[in-house]
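Below you'll find a set of structures to go through.
Okay, so chain A shows up in both of these, paired with chain B first and chain C after.
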Partner chain A sequence: MLSQNHDLATHDLAAQVAAIDIDESQNPSSANANAFAAWNGEPPPTPKLKSNGIIAIDITGQFSHAAQQLELGELIKDPFFTLFESVGALEIMDPKMDSGYLEPGETMEDDYDFSQPLLPEEIIGIIDQLLCHEVAWHIGHPLGQTIFTSLYIDRILDPCPTQINQTFFDRSETSEDESLNFQILRAYCLGLIKTCSYVNEGVKAEHYYEEEDFATHTFNRSLLENIGKDEILQLLGDTEEQLSGSTEMSTEIKDALICRVSFRKKFLMAVEDVNSRDSMESIKEHWSGLQTLLPTLKSSATLGKPVPGTFSVKIQRKLASTVPPRPIVEISWEATCEHLERLCRDGSIAAEVLKYYDSHSLMTFVSLFQARKPQPSVYVRTLLQHYIFADMIILGSISIRQVLDDDLSSTVLPANILLDRGNDEVEVPTDPRFMMAAQMESFRSQAARSYLDILRTICQNRCRIRRTLCRLVADWEVLQHDAEEMDVDLRQYTREESINDPDISSEPIYSFPLSSWAYFYKLRQMEWLVQMGFELEIYQSDELATMYWYLQYIAKTRARHLERIRGFTFRASRRNRVPEKQTEVINALSFINYSTLEATATYGFADALSCLFTVLNRLSLIKKPDLPYSNDLQRYEVRMKPFQLIGLPELVSHDELSKVVAQPEESTMDLLKYASESALAAKKGFEIISKLNAKDAYCQGSYDSWLKNVKDCLKACIFTGISIAAVKKAVVGMKDGGDVGIKVEIPEIGKGYHEWWIVPKVVPTS
Partner chain B sequence: MEKSQSEDYLRSLLNKTLRVTTSDSRMFLGQFKCTDSERNTILAQTFEYRIPPAPKNISGDEAVTLDMTSRYLGLVVVPGEYITKIEVEEFASQMRGQNQQSG
Partner chain C sequence: MVQRPRVSHQKKIKHVKACKISVFPESPHDHSTTFQPSHQPTTNTLSILSRLTIMTETVIIPAVAMSSNTREKSRPLPAELLYIQYSHAHEKQYLPSIRALISKDLSEPYSIYVYRYFLYQWGDLCLMALSPNSSPVSPKLIGVVISKLEPHTSPSHSSPTTLRGYIAMLAVSSSYRNHGIATTLVRKAIDAMVERGADEVVLETEETNIPAMKLYERLGFLRSKKLHRYYLNGNSAYRLVLHLKNVGEMMEAKELQQGGGML
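Up next, the complex of A and B:
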């Protein structure tokens, strides 16, 4: 019980702490995350309690007496120690914070007898529980609340074994008196820990968000770094063999155990081997091999007998952690099996990225893979990053330059001298080719980072993708500007002829290939940014008209920009008649055509939805949520913040935007007519797109998911047409001043046809 | 001791290594950073020491040495009401010097 005074004193401290101005914007993560970050390194070595040079003097009396003299609330403190720091201090003896606190009569350790025999059914029960814990860790819970709560795992890891024969549960040194049941459990546990070690290292090597996506913290425990995986695989293999020859148990139980041991063996082999980028087939074999065991594993769980006593939350007290003890995470067997099935499936698909077709197909692959619902797990996402980026060699075989040149050549510079590898060979500094090579290298070094950032970003969790895109568009704005200067500079070497067309401009017109390329990608990302907003339910329903208007604005700008690129590519193709170069030009034109088609369908659809939502707003069918703490202008500023720094396309001001969205001079019927025409045009666009082959749609390697995505867009588009017609009918039938007789339902995310297209459903009220 | 003397005394302990024992017989070893009139004490870079449970299967006559199990905690605040003992670590060499001065 806390005394009154103590309450006062701590309250006083708390008040002072609260008064400190904490810049929360710098620290969006929780205090726990910070605590983790702080101890992620090795904690300092434990000081020796007994040392000849140091003596401890009891000062209890003096200290207490001196402290009593202090005023209530007066603090004696180190001037360099701030109260802000003290916020992170753990309060000892507070059961919620102090992981070492024991209730009266409670003991530190579980009095668990490791020599007590276990039934085969109990081994199954423990193994299955461990598997649930492993999956819980995979989905983001810390080891301390999952696998590390197992007493058997703790027995193996503490003290840290240096060789495999130090891992017997009874602490003996030979396997002579180890029963088969214990051997199964021990082999399984060793395999499990080693699997986790590979997964942990794999995740840590790539980009992910600690605690948000995954907890790599091992609480200063070594995940069997001293024991080689071959020894463990050997033990698992031996155990499997011994089990097959065993006559001690029923066939059913035996098969269930063999399945588990074999699953662990295969899982461990998989996580070790799938890091290699040499063979896509071998990775796929690993995952499919693992997947074939899942049905047996799943169904035989009923044979198991849970042993809850072998898991304890108390183990957290022994872990190096600054966070208070937290409950054991329980996830169901069904969820576990489902996750494992998805892991095998996603892992197998992720490997397909290793087959490189072209740079656009690569980007399509990554973005569609990450858009799978539910999103692939962090481990698979980091595997994908590993396949793409490891050692700065794209997909293990292609240089970054190659990917970048592929991309440039298939958008703005087909068969162009700027990308001629022969330029590198020229050593005369006065030669224009030498200068071109040097300039292009300087451009590549800047562009490569931004380009790879896009791919890396799409590999993150959905919320982070959107957040990071906000930053990326600003990067690409800078890149576009720098590229513009390079374009001007390069003209003296390429001797590009200008186009003089008084209809367009009195000035000579140049192609600006590099900045055109940067502009194209900037626009793509701006579209994604808005579209991710729909997926992540960022916008209120009354804002949908505005946001779809903005989407069509950006998509339309992209279509026009592509038109410009097409013009220059076309002209270049007429000048360049070398046959082998023609394929490059045709390929670039084909990509421009595809992207134009896609942009056109997008802006048509977005336009239709924007008009439809405007009508619904007019008819007061969409309730404006009660937002007492903000107004339209503030919301506009927040929504447009990422675009504020963008020069082109120009930011539409708040007043102008409200006007173009509301279109007050248009009648409701005209708006609906326009909306249905746009929807129809978009529908035609999606239909044409859906008939393209993988090569023409730049989705080689991911055609099936691409087609599903297009079909979903198409369905959403058709459904929009139906909704527009229903509103039109209701408006026509509406008597003056009367009720429109319909209501509108906005489907929840995941319930509609496509996450990026929120289509209202119109229902009669009758 | 007067109030100012008391303050000076406590201040002289700042940043020294204290060993604070709590009512559940754990000991916390860390650098002394802050205290108040209730002896609520903040220690930095703290290690927790605990006497491990008595081993089984050992007859009463045998003398056994048990190492305290330790664990790194970092920054902690020990509420004064649970403090049963406070010790300060000093270098033996410096202590001899002080004794000579005072003696």
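Up next, the complex of A and C:
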């Protein structure tokens, strides 16, 4: 509390404060006097200290006295006051931190005359600047630094209007005497704010990371909640019509303005209507309709005349904010148009998820859609989540149970009695079918969460996908364990016959369908986790041999696991000869085949790269840091932390891992030979995959992106073969103890053929 | 007139995320004619540091060896740089220049409280590089590293509580970059952490700050995760981690401490 404050509660305290020995000459300083200019020379009044049951005591005096005892820079703090809190501390009188600080002569607010007329060119300029701000907000910047910096927007929102006729910029105006120019701007601003309101609510309803992905904070301002969308659409429509009939401006300018008003109208209609999951076509029409306006919008921007004076950084002072004013975010017109084009395109594609084919195709769709570069914006990503998850009804028409049963049936339980809906009808508790239904329901309630978590996770930003996968694999480890117990328990009802094969095991072998399913997904996620590490450039080049080895280890484990599942499915198919049930079995076998093929190509390719990087490490073409503070084991422990909690597949110990990666007993030439064989096998695998149709590749609804993805893998694989050959040639030509004559370049992410496959480029040094 | 809050009171930390690291380390193949700062062996750092501290107090300034014709490109380094552990007594002389050096690259400055939070509690883990030839009486600050060391428990309790060092800020004055000053500062900070039994050291660095990332990776740090749009400017960051002990040793130390506590 400032010592200038003479308005103390009692004379007593005033006397006490007066008695405190404070050097009056330093107070008030000239800077302080300036700061209070905004308060007309009066310091802010003391807050009223009144509350039932609380006796307020002014401790200003004691506090000032105690503070005098401290040395400059001495710190007294509660042990719970952490760095977190300390970073939030602000300094009064620092212009970058103190939102009320005024430079000499500066006023608290902008002095803008809202009655001054604007040229049509200026309207275009302001509208285009607002559009840039809107996109900046979509990208993740707060409203306070973007749209809310517009004086016209501020004029509409403060004080909060309850009716549309309270939104005139010039308060003396009515709808009769408002100029057309002002009407255009007002209608546009109203439409813009309402659009933002829909977008904001849409994002908030789904999973996203506040401030990291998007800033939903409206600084305590209502985004026109009191004014209906239809009223605003009406105004936009009327304005469009009046503009068409206007003779006051050139056709060029008129068309540019009509385009902007029409764009806003369509955008506002779109942001509400695209939430409906009833018709994929209607959503696509909204986005394509908006997209057709973009070329005209983009090219006509040259007609506009910017009016920078209608945007102000100062408005942030009026906002209920926790942070000091920050600079206005500037985004170029080109970037704005590009973002809008992408929004229309991505929004339209996202709607295609609504057509459900099968659970695997759904997952393929989501993961490929999210892998688009640049990644679809947060708004589109939340739209996609809305389409998939809203109201706990998948894609608006399928129950979670249905999706889960589809998935179980097409991997581990085709035509299986455990998924027989007839079990639900049985009411006799002693009936095994009753017990199966109950057990399966219990399994579903646990598995559904984990299964939907995968889909939800893939909808997040790329960094979060990887971070969340670290947690998800641990969840699936638990699910797999619990499912194993259920599998054992369920056998008493299904009367599953064991396989007895002394070649494999002396114990009877059972299928363990539910835990098999959980294990399969856990392995998929472990692969993604490693692959996302490549994409996000988490690994240093000297780690690549190890990480590709780990990828092939997991992928190979998946292939073997699928082999086991296939065996049981095959046996089941021979027992079950009912024709309609056969389709289910064939479908499951088809999925197992596809996944096996994909796992095989992955481990072949990863193996080839691992061997190649091992050779590059041996030849010192990739340098390893000195490690003055740590050793390989400690680095291994950092890197393998996400897998520490996984019981199966077993974490490969550091000693073992170093050995299998470095393969000291193999000659360099043998390693290269093995690498090129693996790359060749992987290449064949990708070629076979690329020839599959959408149904067999479980990518219905996203075939084109899927094919591009496979072809990119194929290209990366071919390029790996070339690099291996180049290294081989150099090694053959190497003289004893001589230089190998090549160097390697690791392409930056985004510059290679595929982000999950980092292929070194070999360049001769001479 | 309506009274409005002058200063934001509510803390909103997610925004002002930790601290930006600004660093420009030496190029590995720099064989220029300028003097290199001496890389002290890591083993006897503490004694060196205490000696250096005494040196400034008694103002023993090493001779400046510099010919005028080497003043061409980047500023040549003085014969000997002083690396000094911060202590509270330095506040008046050096805190303003520490702030100035670090906030140069920040869009939003940290309050003096943030600096004092570190410097007052972990002055021994904060090191300054001083150039004695600028002024014999008050050597000029040309680089600084600010860190802390505290027990850390992961929110999910999935891993043991560790004694975790955190390098919060690192800066070297632009005209003195590419001479290994930042590396020396970081090494001295880590040495001091090792001396105090640290299990691990972590930090965040901006994804675009390649020199900083290289500096830390040369010292054995690994990227453990990427943090999307971590900084106010919208840039992402990497979390970098250096384990100073094996996980087994960290657990043992923990058990010993707990056992001791029970006696």
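One rule holds in what follows: the second predicted complex is superposed on the first by the 666 of 766 C-alpha atoms of A that agree within 3 Å, B and C clash if a C-alpha of one lies under 4 Å from a C-alpha of the other, contacts with A are read in each partner's own complex, and residues count from 1 in each chain.
The rule is short, and it goes like this: a residue touches a chain if its C-beta (ideal position, glycine included) is under 8 Å from a C-beta of that chain, and two chains touch if they have at least 3 such contacts.
Worth saying up front: this structure is predicted, and the values here are computed from it rather than measured.
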Q: Considering only touches as defined above, state whether A:Arg326 meets chain B (first), chain C (second), both or neither.
A: second
Q.
Contact-wise, after the overlay, does A:Gly100 reach chain B, chain C, both or neither (first, second, both, neither)?
A. both
(Q) Looking at A:Arg401, would you say it contacts chain B, chain C, both, or neither? Reply first, second, both or neither. (A) neither
Q | chain B versus chain C as contact partner of A:Asp78, first or second or both or neither | A | first
Q. Between chain B (first) and chain C (second), which does A:Glu91 come into contact with in this model arrangement: first, second, both, or neither?
A. both
Q: Examine A:Ala56 and indicate which partner it touches, taking first as chain B and second as chain C; both and neither are also allowed.
A: first
Q. So, A:Glu109: does it touch chain B (first), chain C (second), both, or neither?
A. first
Q) Counting only touches as set out at the top, which of chain B and chain C does A:Gln69 meet: first, second, both, neither? A) first
Q) First (chain B), second (chain C), both or neither: which does A:Lys673 touch? A) neither
Q.
On chain A, which stretch or stretches are contacted by chain B in one complex as well as by chain C in the other?
A. 35, 38-39, 44, 72-75, 77, 85-86, 88-92, 94, 100-101, 317-318, 322
Q. Chain C touches which residues of chain A in the complex?
A. 35, 38-40, 44-45, 72-75, 77, 83-92, 94, 96-101, 139-141, 209-213, 317-318, 321-324, 326-327, 461-464, 466-467, 471, 474, 536-540, 543, 625-630, 633-635, 637-639, 641, 644-645
Q) Can you list the chain C residues touching chain A in their complex? A) 1, 3-19, 42, 88, 91-92, 95, 107-114, 116-117, 119-121, 148, 156, 158-159, 168, 187, 190, 194, 201, 217-220, 222-230, 232, 234, 236, 238, 241-247
Q.
Quick check on the complex: what are the chain B residues that touch chain A?
A. 1-3, 5-7, 9-11, 13-15, 17, 19, 22-24, 26, 28-29, 32-40, 42, 44-45, 47-50, 52-53, 68-93, 95
Q) In their complex, what parts of chain A are in touch with chain B? A) 2-3, 5-6, 9-10, 12-13, 35, 38-39, 43-44, 46-47, 49, 52-60, 62-78, 81, 85-86, 88-94, 100-102, 107-109, 220, 317-320, 322
